[in-house]
Amino acid sequence: MNNQYMSPNSIASLKGIVVPTVTPLINTDTLDVNGLHLLVEHVINGGISGIFLLGTTGEFASLSYNLRYEVVERACKQIAGRVRVMVGITDTSFSESIRLANYAADMGADALVAAPPYYYAASQQELAEYYEKLASQVTLPLFLYNMPVHTKVVIEAATVKRIADNRNVAGLKDSSGNLVYFRSVQQAMLDRSGFLMFMGPEEITAEAVLMGASGGVNGGANMFPDLYVQMYHAAVAGDLARVKVLQQCIMLISSKIYSVGRFGSSYLKGLKTALSVLGICDDFVAEPFNRFHQEEREKIARALADIQALLHQSNVTTHHNNIAT
Amino acid sequence: MNNQYMSPNSIASLKGIVVPTVTPLINTDTLDVNGLHLLVEHVINGGISGIFLLGTTGEFASLSYNLRYEVVERACKQIAGRVRVMVGITDTSFSESIRLANYAADMGADALVAAPPYYYAASQQELAEYYEKLASQVTLPLFLYNMPVHTKVVIEAATVKRIADNRNVAGLKDSSGNLVYFRSVQQAMLDRSGFLMFMGPEEITAEAVLMGASGGVNGGANMFPDLYVQMYHAAVAGDLARVKVLQQCIMLISSKIYSVGRFGSSYLKGLKTALSVLGICDDFVAEPFNRFHQEEREKIARALADIQALLHQSNVTTHHNNIAT
Amino acid sequence: MNNQYMSPNSIASLKGIVVPTVTPLINTDTLDVNGLHLLVEHVINGGISGIFLLGTTGEFASLSYNLRYEVVERACKQIAGRVRVMVGITDTSFSESIRLANYAADMGADALVAAPPYYYAASQQELAEYYEKLASQVTLPLFLYNMPVHTKVVIEAATVKRIADNRNVAGLKDSSGNLVYFRSVQQAMLDRSGFLMFMGPEEITAEAVLMGASGGVNGGANMFPDLYVQMYHAAVAGDLARVKVLQQCIMLISSKIYSVGRFGSSYLKGLKTALSVLGICDDFVAEPFNRFHQEEREKIARALADIQALLHQSNVTTHHNNIAT
Amino acid sequence: MNNQYMSPNSIASLKGIVVPTVTPLINTDTLDVNGLHLLVEHVINGGISGIFLLGTTGEFASLSYNLRYEVVERACKQIAGRVRVMVGITDTSFSESIRLANYAADMGADALVAAPPYYYAASQQELAEYYEKLASQVTLPLFLYNMPVHTKVVIEAATVKRIADNRNVAGLKDSSGNLVYFRSVQQAMLDRSGFLMFMGPEEITAEAVLMGASGGVNGGANMFPDLYVQMYHAAVAGDLARVKVLQQCIMLISSKIYSVGRFGSSYLKGLKTALSVLGICDDFVAEPFNRFHQEEREKIARALADIQALLHQSNVTTHHNNIAT
């Protein structure tokens, strides 16, 4: 029997903060094994509800297949059912998606996440057929992943509704940043109460949760999991004053850590550099990107000091005793 | 002295719901004068704080210049200071923007709104210089108008910050739907407390207001001004339960009125058809679009019945005694 | 009787090089009257077949309406039937397009050119209906103008075919740069032998003419009309060796004059600066752009020297005796 | 010694028609081995100069890695040096690109082709660094592959020039359809005479070759290799009359075979269906697409009859004795 870490709780109860973990690397082909270990413990200690392996933040597309499988194996074994595990199976090859989905199930993951195939852009009808076929061939619950900036395709609300007729489809993760889209999917799914809606961008997760979303899949939780968890709880409790205080911390992270440098890759580079400065893992970024130079690293370090000061001042509880900051 | 209707209150105090009024038309070149009159009274009776003439919803770009001036003249005279008036001066010609801005000031408007020139796409630097020049040559306070789907250009947060150094710049109206962008501008403008932030899409105005926005510029307020005003007040009061009830009405409007038909023009066609069904004004839509056929009109009529039932059931106060519904 | 300069030849015989003339300006609101006069004589002396007023190169969208009418009046009077005159009536307002079309007819222009309305993006069906209505309400022959980078909309081959059923539609000017599109329209119009196909980008006009296009609407002909005319004749004659020599001059212009500076506006700025260096007209560029600074102007001047040397070496006949170069 | 089929001629002499072969499939995971065999012989008999395995037409991104390797192995062994073999190594994972590049070298391929990584969009600087690293780690000559519709990124002319300083970079295949871009790269590479320029879209290969391109990488050559080869020779010979006759056949193929159905996938579906009707291979199309239904298949069959009639009438020599048409 393979599913040794299978969660006793169904994925349907998932809510809160899911961390799209970075994939710590020493070089293009070598996992930073110790970094991954530290990172997983760090975010679990921070109170997060789930870990999303091999997402966009996890550089899934830049990793060799061997590395992807190694990430799933190591992380699932270490997590061991303590939090939910979602595995990204997004791929341009249907077969490779299925193969990785089967492996994730064998390793005890709880759910799968798939963005549309991202080389050829499919029409909405083709997309619906694609997801229906995918959902019917995997054993774990499947989350749709709307990520148009990378995939060129929006999974339109009507398409989500059609796909969700398949019982294996658990929910949607939306990283478009377009809250009108998010609302339109919520509206389309009004009569499917169990359909889970997760917000990608951390800058707008509070609003999404205030209005009924299940939670956030927030990259910043790699660094400061407690902050995002506390924001989630404040939002669920309807404590607007507290939400605003925490949101201010989150916006400082967004504006200071993700916007250094000139390119679209500044989010990934900034996040990995910050994790390196925090002593959690290496800052290597896979091709086609590169790690930051010393100048940008120093900017990130100064920003982290400002952020930690604001966290302290905002009474954000942290568990950072195990990290060299 | 021309500014006969000049508001006693400065625009800096503007908050709440601003209605981007449709421009009622009998045909391409003829204003539906009676319709405009009814519409203005309808929305003022609904409690809105301001009227935005010649916006995207007002089909500004499709109107002849004579018609644009007629709209400003008639509406300003009728409004007569009862609510704030914002006039859209968006144009590809700088001279025409200035000319209309001067006319708006003469007619007693309170503020101007300008999206980027929309034929040639300007770089961020060119855009900043453009707005600085525009702000320095107009007399009324100026709102920036971010509307990338039509203008091809985002006014990036750093550009907003640079432009806002000009004292004549009062705020931003964002119609991108991208709440991450909206948040990034709020973050950039943290140290400019008087800078007003208005949300365009009504589907996400509640969230924006909950988190500190000044209000919404919501097309649906042409039909049901009371609903949007009540949503605004609930959000300002932090009454999440009430916000959710009202939000449900707003989402029903969005999904039933704005999504009939196959094209991007369905918002405008749906809104004008609904106003016609409600007895407020003609449903003529200027080129390159057309009014709906009878089949779609009947769909809209049925949707309005559903919406009004939900409004009633949700205890949304309305003032609709003067309209034939 | 108004059409005093009405061409004796029908537009159906138009072929060769049409110059999309720049609009010489002294400032935002003032035509460089002398510059326009010099420019018109310069290009006619260069042997071009037609002048396209108020095109993208003519900054139509940036000009006040008064200025647009002044350009048409002055240029038509000066040209006086010596070459064909096409007037751009592209506008977001249908009424303004018609008004300018009527004026152009009164002034004796030979044809009209209209790109899709460029604020709201129309669907293909709406676009077809728009052009059918436009063609039926103007008296002069109408050219469709495909310019997706500015209008956000491609006039698809099937739509061109549908619109061209209207007898008033004379042809297409394509500025997409996408030769596959151009070929697809030619294929769709195979059974309409009189339909004129003009290529916008000068870098690929030779190829288009070699394969059957009617000619080019080439911005560079503002500077060196003879060059483009000679390229056209070489292509019509099938003289590939000569075409390649002339093409090399054209590519030098493209790479040296249109690519100075960092922004998308470099084409317009470079062209106007070159015309100023050549002593033809002022280099003022209307908002949202600006003229080049001295540094870029010197680059342009040096490039012009290189280009003129190559023209001489390539035995390109020129008529530049009246210009201070 | 592995490179048993290594071409005696260097890739620098490559010119003419390269076929981007489809990958014949029986189902998602099973190669149509017999179809691939027939296809390879068919195109070699048609006189083509090279075969491009695992390109966009070859559905590389939709295939499992096992299948990609099988295609390379089988095709290289069968081709056995009779024509040049180019292998697509485009991948989002740098490691997987290198691994496939090494395998292709082992199997005796002559060159590699790589489009930009297509999940994360790289900036021009990142792209240059990526290609420099890639070129320095592979042993076979490398072609850049500009395919912005799928990769979201243009390899700008200045970037091509920078990358081409690496001696391992042999040329560019451009599938943008934008001939202005193609010309701008030719201009930038004027001083690198050995740099090969191949045109992707068959609709505009004649023009490209007339003006100096090395040849075409044309999907239609899967069906009618002789036609494209004869077009290439006519263009090289400057026989414009013959080019126009052959171009007409090519445009008929484009308009009748690639435009059936409503989606962007119609090219791939039409091509595979035609190959199936011609008796060459199965018409299975990998996810996210599907093969055509019977109705569309019949349209394709009728179109093929028209095309073959036109080919006959146009005196296009064919070798089709071995195929059941």
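The first chain written gets the first letter, and so on, giving A, B, C and D; residue counts start at 1 in each chain.
Please note the rule applied: contacts are C-beta pairs under 8 Å (C-beta built on N, C-alpha and C of every residue); 3 or more make two chains touch, one makes a residue touch a chain.
What you see is a predicted model, and the numbers here were worked out from it, not measured in a lab.
Number of steps on the shortest path from chain A to chain D, with steps defined by chain touch: 1. The most distant chain from chain C, with centres taken as the mean of CA atoms, is A.
Averaging Cα coordinates per chain places chain C and chain D 36 Å apart.
Rounded to a whole number, the gap between the C-alpha centres of chain A and chain C is 51 angstrom.
Interchain contacts close the chains into one ring where each touches exactly two others, per the touch definition above.
Contacting chain pairs (ordered by label): A-B, A-D, B-C, C-D. Contacts from chain A toward chain B in the complex involve residues 177-181, 183-184, 186-188, 201, 203-204, 206-208, 210-212, 238, 240, 243-244, 247, 251-252, 254-255. The touching residues of chain A, when paired with chain D in their complex, are 28-29, 56, 61-65, 67, 92-96, 99, 116-123, 125-127, 129-130, 133, 150, 152, 262-265, 268, 286-290.
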